[in-house]
Amino acid sequence: MKAKELEFEGHLIDSMIFPKALDVILDLEGEFEILEFRIGKKKHDHSYARMIVFGKDDKHLDEILKELHKIGARIVEVEDVELARAPANKVLPEGFYVTTNHPTFVRYNGEWLEVEDISMDRVIAIRDGKAYCVAIDEVVEGDLIVVGERGVRVVLPERPRKSTYFEFMGGKVSSERPTERIIEAIAGEIYQLKLNGGRIAVVAGPAVDHTSARNALAALIREGYVNLLLSGNALAVHDIEISIFGTSLGMDICKGRPVAGGNRHHLYTISKIIAAGGIRKAVEKGIIKDGIMYECIKNNVPFILAGSIRDDGPLPEVITDVMVAKKEMKKALRGVDMVIMLATMLHSIAVGNLLPSNVKTICVDMNPSTVTKLMDRGTHQAIGVVTDVGLFLPLLYEKLKNLERRES
Amino acid sequence: MKAKELEFEGHLIDSMIFPKALDVILDLEGEFEILEFRIGKKKHDHSYARMIVFGKDDKHLDEILKELHKIGARIVEVEDVELARAPANKVLPEGFYVTTNHPTFVRYNGEWLEVEDISMDRVIAIRDGKAYCVAIDEVVEGDLIVVGERGVRVVLPERPRKSTYFEFMGGKVSSERPTERIIEAIAGEIYQLKLNGGRIAVVAGPAVDHTSARNALAALIREGYVNLLLSGNALAVHDIEISIFGTSLGMDICKGRPVAGGNRHHLYTISKIIAAGGIRKAVEKGIIKDGIMYECIKNNVPFILAGSIRDDGPLPEVITDVMVAKKEMKKALRGVDMVIMLATMLHSIAVGNLLPSNVKTICVDMNPSTVTKLMDRGTHQAIGVVTDVGLFLPLLYEKLKNLERRES
Amino acid sequence: MKAKELEFEGHLIDSMIFPKALDVILDLEGEFEILEFRIGKKKHDHSYARMIVFGKDDKHLDEILKELHKIGARIVEVEDVELARAPANKVLPEGFYVTTNHPTFVRYNGEWLEVEDISMDRVIAIRDGKAYCVAIDEVVEGDLIVVGERGVRVVLPERPRKSTYFEFMGGKVSSERPTERIIEAIAGEIYQLKLNGGRIAVVAGPAVDHTSARNALAALIREGYVNLLLSGNALAVHDIEISIFGTSLGMDICKGRPVAGGNRHHLYTISKIIAAGGIRKAVEKGIIKDGIMYECIKNNVPFILAGSIRDDGPLPEVITDVMVAKKEMKKALRGVDMVIMLATMLHSIAVGNLLPSNVKTICVDMNPSTVTKLMDRGTHQAIGVVTDVGLFLPLLYEKLKNLERRES
Amino acid sequence: MKAKELEFEGHLIDSMIFPKALDVILDLEGEFEILEFRIGKKKHDHSYARMIVFGKDDKHLDEILKELHKIGARIVEVEDVELARAPANKVLPEGFYVTTNHPTFVRYNGEWLEVEDISMDRVIAIRDGKAYCVAIDEVVEGDLIVVGERGVRVVLPERPRKSTYFEFMGGKVSSERPTERIIEAIAGEIYQLKLNGGRIAVVAGPAVDHTSARNALAALIREGYVNLLLSGNALAVHDIEISIFGTSLGMDICKGRPVAGGNRHHLYTISKIIAAGGIRKAVEKGIIKDGIMYECIKNNVPFILAGSIRDDGPLPEVITDVMVAKKEMKKALRGVDMVIMLATMLHSIAVGNLLPSNVKTICVDMNPSTVTKLMDRGTHQAIGVVTDVGLFLPLLYEKLKNLERRES
């Protein structure tokens, strides 16, 4: 049997950290002995625990420690991280450390460095005395890569002691909650966040154009509620088709019925924008007169359109290389405080993978499985709202206007 | 080979009646020869077709004729219906005729009688010289029951030549249509129907209480838009729980979060209403102060609550025998012009089975399969709106108020 | 401020009981002070905690205690339960105790009585010195009904220390797990349970007949794997239609395509069985020759068919009064060790409400929301398998045959 | 009023072509007069119709003709196609013709040329006297592009007069059909197609690895049933992770439960394959020992892995530029007779867009909306099977083996 001493500190019990730790040990068929356990006797006290964990052999013990590490355990004798050189571009040393999306620190030359740009399923590289979270394809030959768990500290978000309605919802999805109240609560969060100078990104699928939501999203952009738009070719094409032809995929969005020559409008739109030299030029030339993309251009709200194999055209602004698109998205998401995901599974999961766990994340979709999958893939902080985006966005906008009126 | 001469009349081609007839013959491996085919040369002309249908033998020919009959074919030599006596209560003669939900006539003593109360999957009984559509369990010994297809005429609804937006939607479901426009169109239909003195039934599931829709439905009842409410125990209990405790299944519907003692409220509500002697008495005693059931009682809008094996309690007004409930529903639905189904698969399909095909039917559900199943089970006239009922009803109410204001 | 001393015992931490308790107190805005906390230092040790809970006033404290009670807290000074008489039939005293589905004891005359037939959302009546769990509509005037939480002890199931694959799955639903493995694990559980003389109930929806699953279910009944069948009219009618006409709702289930006269077969089947005097007589007369109902009759496996407002007919054995059906179901479920729910939301939730929490419950449905709702409604012990019941049942049968062969 | 004479030929009525034509005219508020209508009097006769269509003005008439053209109408006085030069790369002349996915001919210099590589939502370019179907981004300056509908003939597939089970299913989706029969019918089609030297492409999503389907797909590739595999990074990574670590996304696929260090396996797999120089090299070096990708390499079955913004890594063989990936897919799909789509909405719709309407297309997904959307987007020929791919593929393989045995 092999053993190691560990310690935990924080709101161990009501944040479920300690129960989870015992879970992990038992699930992996390890043993434990608790040496010390000081529980916070009042609401604001921290707790402290010290235990020895036993494994069958070094490998087994190591396995257990890896998992405990992820939920915040610290090995008592603290040492520096172990580092190894990347043998070639994109090639990693054996046993490299894989990141979570929680704030992370590494002990390097006796000091704790916070890892920059943390997001899940990446590696940690030390460059010029700083710790960076990098994707596999960004690793260059000779990079110092963190190996194993030693000297790495993960800080799990502690559950707030006084939960707001919004937080109360966290990590839950239900189609039976009272929708209008949820929208009100979200409006309140957004309004507050904007008062404090926070930044909001919107991730939107093409269904936003198929429904009544387009005008609401355009208004939110125009009025400064959106700081970044992440989407794909389809959203932009449908949005522009509405501006030029009054149809979306050939459907008259006022009368709500197809007009003759539907799919032609779709391709005609793409062709016109290519001929104009792109979305920005088409706005400047007066070809696009309103809508989501129009407001982005007019209000200097940056947007990133990532390509997909379903795309027609695509529009000149679409980034067809997905790895390039991902890097641009990662860069643009720096400093964002809240992400609102609207009716898109692909983009929601992709963006979720790029976010640290302390970014507020709201996922709106008629299909509950979009939200479930988003969380299954690690974006545990997401709040799911199972509703019709076509009614959600206009109502969200209305609630925000109410808040503005009440304050002024 | 056996043969029979048939004729068709009406908008044969653009109503798809004639193509469907050829379909049926070929699918059943019959043969046909067209004797005459006069196509309407202009928009308003009727068409007329006469053909001979061939089957391998009498049985085969009969099978084909049965199916052609359902889509409106008439055997040329018209004879009276064939009748046979029911040998015992609920027991039918061999080969009894099974109804569709389309307007139906039988030739009895040389005259065409319209079958009263037509709905699908029932039988036709001649009583006192009149033709009635009756359920199996309503058949009494000695009833004259229609057997075979001879002398029975089914009148399919012809497609309107100039389709309104509303009709354009008919028989289609999509979650990608622009929802707000659909709601506007439905509001327009309801408003018009009310102007003309039409009657509207609402079929509602308990999700209406879980969401923001309850107040909207209560207002629609109060303002005379609803003439009949069909639902179950759960809707009434949740609705009353909100009135008494401000919670639905223990969830505070204003703050949108559970309060201590949730399920207790549910049973406490049921117990209070039983102790009061039922919903009506509880309204009269001032125990119930607002909501869906309150408005039904106060405005004399009849309601039928049908029991299910999931029910707690149930409330005294709930009809626990499902066959009795069904008969009451059938009776109450007479003369209704439109049915709005809200977030309930069980009740929607049950009510769909009781409706003639010329009653306008709107089915609102977040789950597209509710609408699909409703149509698969024969309610082809239903218009499906795949959206969140919690946002649908408040918006429908708002659109109706707009129409009222505009008119006055 | 009001205070009360409580104690907890068991695997407090890894069963999440203690964290949940702190959760409850904080959520309800109470305060606590931990007096003693002895944690089990090794795997098999129990833990013990003693704490004082504070509320703003008696009502607030009471609210908190009610919730803590549900998760196993004991008030230190133990007293007898408080009882009050039911003032009339079906009418309950104020503040009556509402049951959970966990094993429950009441202290009556200084002794702990186990509550018989425990299931959720009912009340406890003391009759002849015994404690019974009864539904509201079973309460008779003068019954001694438990009021408040004092003297009531709820025993939560402790998590097994060594989880089998099967238990590992508990309380989780996912469509991404490797289905064939899950079926194997379920087959293993069933096989083992049968070796030990356990009893299995099957709850089945009509989709079982629409798919290839009917023969498999019939075989499971014939071979003694099923001790009770709970279903509705539709399952029985479709099953018998297949036996008589080779079609289900008019679809040829061998060729998988509709035959002429589909819906007629459905009603003809019902009519034939009514004429024969019911399912049992129809089997005896040789009208029904195979299938699910046939095997139930031939092998003396009891079945309960509960009515619904969607039913055609219904068949004579169908219990049309839902409250009577529910009572029969409750009675028949006594002593059942496992329930397998197949493709039916209505019946699954209804049966779930009647089960104690220690009955193994498996819910198979293509639609993940059936399983989610089942758990939301309190049947937390359910294991969800999101798959096609038409492929699930044949494969389950095959895996059971493999196990039989291996053992013999 | 403006008028134009049109003619139609074929199985006009039972293929619904003629009714659809009248529909179109009425929907667009045109008028018509039928000049001649010769209906085929027996089963094998063609019909012929000649009519004048009226529009309010040239523009209106043109609109109607555009739509009629899509369903096979021919303007009586046949002229050559109208052509216009592309003014720049990717820039199209005004009014360019947009293709359907049906076989299409253009009249050029008095001769009918078949358009090569037809697929939907593209344009037609005449190059060196041949007609090509090209995507917008493939258009080069000076290309002769077809403009308007004149001289273009679209040949709709006529419904087969004797429908096989397989064809009977066409264009329909239902979760209530008897699944095992459908799989048998599909196995029969595949077997027959293979006997005749047909080519089959498989489009697969990562769920194939999460379930028991991987071995079945690997076997189908090994035994020559698959000629082309289209997928993405995730399928390949999970498949290889299983081969190297025995886990898929960290889940032990034999025991069906997570092992310690799940997500690490995912990234470790990617890192190993990058280090080896790609999938092919990793197979050659013995790092990958079995599975889907292994069998592709060993049996020279070409595969295309298209990138997406969700990808980790990605593997070296993944084409990260989506437009390049699309072109490769289009090229590889030439000459394919059947496409089987397994549990992937993105790839299914993308591939559907690249297929002519005469390629048999089967779409298997647990979620009915995948199939519905595929058809909504124009792939009307698709047959939807709503079932669990984890049980579908093993059963399909078994049915194919049965057919092989029976024949030999």
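Lettered A, B, C and D in written order, each chain numbered from 1.
One rule holds for everything that comes next: a contact is a pair of C-beta atoms (placed from the backbone, for glycine too) under 8 Å apart; a residue touches a chain by one contact, two chains touch by 3 or more.
As the structure is a prediction and not an experimental result, all values here were calculated from the model.
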Would you mind naming the chains that touch chain A and likewise touch chain D? B, C
When the contacting C-beta pairs are counted for B-C and for A-C, which pair yields the higher total? B-C
Report back the single chain whose CA centre is most distant from the CA centre of chain A. B
Chain C to chain D: how many Å between their CA centres? 45
Indicate the whole-number Å distance between the mean C-alpha point of chain A and the mean C-alpha point of chain C. 38
Report, in whole Å, the distance between the mean C-alpha point of chain B and the mean C-alpha point of chain C. 33
Mark out which residues of chain D touch at least two other chains, giving numbers and ranges. 175-176, 369
Chain B partner contacts - residues on chain C that touch it in the complex: 28, 63-64, 66-67, 87-88, 90-92, 96, 98, 120-121, 123, 135-137, 260-261, 263-264, 266-268, 270-271, 274-275, 306-314, 320-326, 329, 346-347, 349-350, 353, 367, 369, 378
Chain B partner, complex, touching residues on chain D are 13-14, 16, 18-19, 22-23, 26-27, 31-34, 37, 39, 41-43, 161, 163, 174-176, 368-369, 372, 376
Could you pull out which chain B residues touch chain A in their complex? 165, 168, 175-182, 185, 207, 210-212, 248, 251, 253-257, 366, 386-388, 390-392, 394-395
